[in-house]
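Pasting the structures in now, so scroll down.
Both complexes below contain chain A, partnered by chain B and then by chain C.
Moving on, here comes the complex of A and B:
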């Protein structure tokens, strides 16, 4: 019985590792008008849960999400500690109570990079392999 | 009030007491009716209103939660539940608005809120339904934001309405409680005031009509008794003093009387002695007169002696002349004897003898002459001295006459004095009798004053008893 449990857990971990990207595969990008070159994990979480509208250096920020995909899943799980559906529910509750609007959600890395590059204060995330021309990459501490 | 007699005043106080009791009872009846009306209003209007408003708030909470579930969980069935809850909210608020007897402001507020929530409900169904069907578009998000704001407003208004109605109920009940307490205290106060007023009237009546006059009378009598006691004590003291003084006076008068008798005796003795002195002075005058006459006779005798002396001197002169002539004759005889020689010798011896005799006669006559002259001088001196003595006797006589006169005056004065002293003695005897009567009178006066003092003490004891009766403390 015990052996079976260990086996099942190992299998699940293996499957997860196979289908999901890890933190090392994600880059956090920002519009170049943001002065900071790094951001703390708490700050990043605050930005994407819409509890923070500015960073510690005072620059205004606006989260930009990617639609479903391994990068999005990995980001939500790694940095926000939620699942995608929980995050959507969370955003809808904010919209219902009038506290915030739904954040911008784009389909692919290239769209995200393009939007972040042209939108002041925009903060997003893309896969590590994506081109980051016109944006700056933030180091997550 | 002052004109009423004591009975009327006491009945007046009882009447005031009864009136106050009736008044307080009537007031409690009236206020009890008011309180019942107020309680009825609270139980029929405010209490159900507060209850329905609470129900409305609870239903509103449920409605909001259902809408939230619909939007957040994308649950379409929650919309229907939300609509039902919303209808309950509206119904409860309309029920509140239709309660009769509620304050118009509250009814209007509840009605307005019901209409507002009804409108909001319709908008919410549309908006949230659209969001379920077509996702969260930007316009949909804007409408949802507006709805959220309206929901918050409605929630606040509903909460406010519920709180106001609860506060009204609480206020009404508090007012009722306060009114009840006030009514109780007011009734108690009226009763106490009546009791105090009645007690005051009774107290004043007793004090003014009974105790006051008695106290005043006691005060007056006490003052009078004190005054009488003082006066009688003073009188007794004075009587004793007068008695003592009178006794002393009587003793002095006795002494004075005895002294007067002594003076009277002395005066009589003086008068007798003055008479005797008068008699002696008369005798002395006669003696002096006799002495004066003797002096006159002495002077005459002296004159005679003086004349005899002068006669003796003439005789002596004759003797001297005879002796001179005898001497010349002797000398002649001697001369003749010498011439006669022997025969004449014997004769010469005789002649010598005659001559010496003549000499001796002449010397004797000369001596006698000088003695007679001396005697004559002494006699004239004696005459002069006798003149002086006579003049002195004259002066003594006149002095004795004056002395006699003075002594006579003294004798008559002494008589007058004796008579005056006799008068004084009589007067003093009368004073003595009066003094004795004064002594007995003063004694009686002192006895009377003592009796008065004891009567005053009795009066004070009676006054103390009376003061104890009216509740005064004796001083």
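Moving on, here comes the complex of A and C:
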């Protein structure tokens, strides 16, 4: 009986670990034209809330998001302090008053990396395990 | 009429989704985005006709839709425009209007300028009050965001100076200074109300409609200017804000009875002050707003005598909502409008209190469905303006209390 309990708990923990992610599981990536090698958490939040259109080195930036998934959920929660639903509402309020465009949203890590690699000023996030050839990784201070 | 409304709303809802693939395109390597929305409402009240709709019999006459196009011409310069159309009972009548259209140049993150027809930033939601898909509610708190006067108040033709300033330990500030002129919504509630407001309280309760004096009011507008400051405080999820707006409004038309002479109402003093708060903790959202708008106006009687009117209205609401799942959100708000603050607040002729309970269902990412109960106390029967309870659609007078069911379906992309 005790073994069964341990097995169930271990399974539950395993499932949770599989479907949730934390800041440590996320890499923030940028197009190589961006001069900075790191960003502050406030700067990163500003970029993704579209209140910041350039970094401290003067590089113009535009956010790139993943559509959904544990990495997206963790990024939105950890760095933006919002739920996905609240973030979408926030973007729509900007789009329907003309204050900003809807940010580019892509389905998977590979798509985000490919888009960021070819788009000047693009900043995105992917899972820490993703291949990031062609882009630079930004350290978040 | 109702069948037409349903068919139109359905077409507007389905059409964009069929054309979804065509709605983002590129011109000269720049992305052009096209977004649209539409909504359809059903209102049913146990008595009184609200917002010029036949709500006491059940009304589907609440339809709106809009489409916008925007693009970034350069990294710092954006242009865009939105077309909007609506019908609400006797208002709107499907006359399309340019909702906003402006150029936006951002010098720095802390300084930008928008010029053209710009949505007026005031309070938590003034500039987005009409987009039902952004809110939990089927009807926003009507004390602060009256739908019937939306077309007159939601935007100004002029310019904004705006910016975002982050101050590390103090959070961040977003400011907007605005100035310009009010547009005239010829089919809106303000002109309709002034046209038909010739009523006085009747001795037996309710009011009498005076037919001895009629007018045809055709213009409302004038300069406005003001400022709004949002402060995202260092406390996670807590936002505080304040706004101020000065208005110098002129309303003109013609008395058509008992004599044909010009009608003119001018603002001697009209300034609105807002304070607001929002607190978000994961899926829980609390919001509250308070607005004070003392005003002095002057108008000419058909005899030529100038009359001064004074009104000190106060309005506000508190709301609480919780999103349980991706598809379900429940919420409630309590909204209060006092037409004239120095007069007894408990008098139903001087107030409208509205307790609201809402369930919002997000069918998918683009479609929402809301069902909402309103428990309203007071109808501002002899208010300076009508605030949803107009004389003409209620020829037998207004009851002091009303319950109302609102169902609304919305689409956006």
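Keep in mind that, in the parts below, the second predicted complex is superposed on the first by the 122 of 141 C-alpha atoms of A that agree within 3 Å, B and C clash if a C-alpha of one lies under 4 Å from a C-alpha of the other, contacts with A are read in each partner's own complex, and residues count from 1 in each chain.
The rule is short, and it goes like this: a residue touches a chain if its C-beta (ideal position, glycine included) is under 8 Å from a C-beta of that chain, and two chains touch if they have at least 3 such contacts.
No experiment lies behind these values; they were computed from the predicted model shown.
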Overlay on chain A: chain C relative to chain B, clash or fit: clash
Dominant toucher of chain A (residue count), chain B or chain C: C
Touched partner set for A:131, first chain B, second chain C, both or neither: neither
Chain B versus chain C as contact partner of A:81, first or second or both or neither: second
Touched partner set for A:38, first chain B, second chain C, both or neither: neither
First (chain B), second (chain C), both or neither touched by A:56: neither
First, second, both or neither for A:98, with chain B first and chain C second: both
Touching partner for A:89 - first (chain B), second (chain C), both, neither: both
Location of chain C clashes with chain B - one stretch out of 184-192, 202-210 or 274-282: 184-192
Overlap of chain C and chain B interfaces on chain A (superposed complexes): 89, 92-93, 95-99, 101-102
Footprint of chain B on chain A - complex, ascending: 89, 92-93, 95-99, 101-102
Chain C contact footprint on chain A (complex, rising order): 42, 46, 51-54, 60, 81-83, 85-86, 88-89, 92-93, 95-102, 121
Touching residues (chain side chain C, partner chain A) in the complex: 31, 33, 35, 37, 66, 68, 70-72, 75-76, 78, 80-82, 100, 102, 104, 106, 109, 119, 127-128, 131, 133-134, 164, 166, 168, 172, 174, 236-237, 280, 282-283, 285, 323, 326, 365, 412
Chain A partner contacts - residues on chain B that touch it in the complex: 67-68, 71-74, 136, 138, 141, 144-149, 152
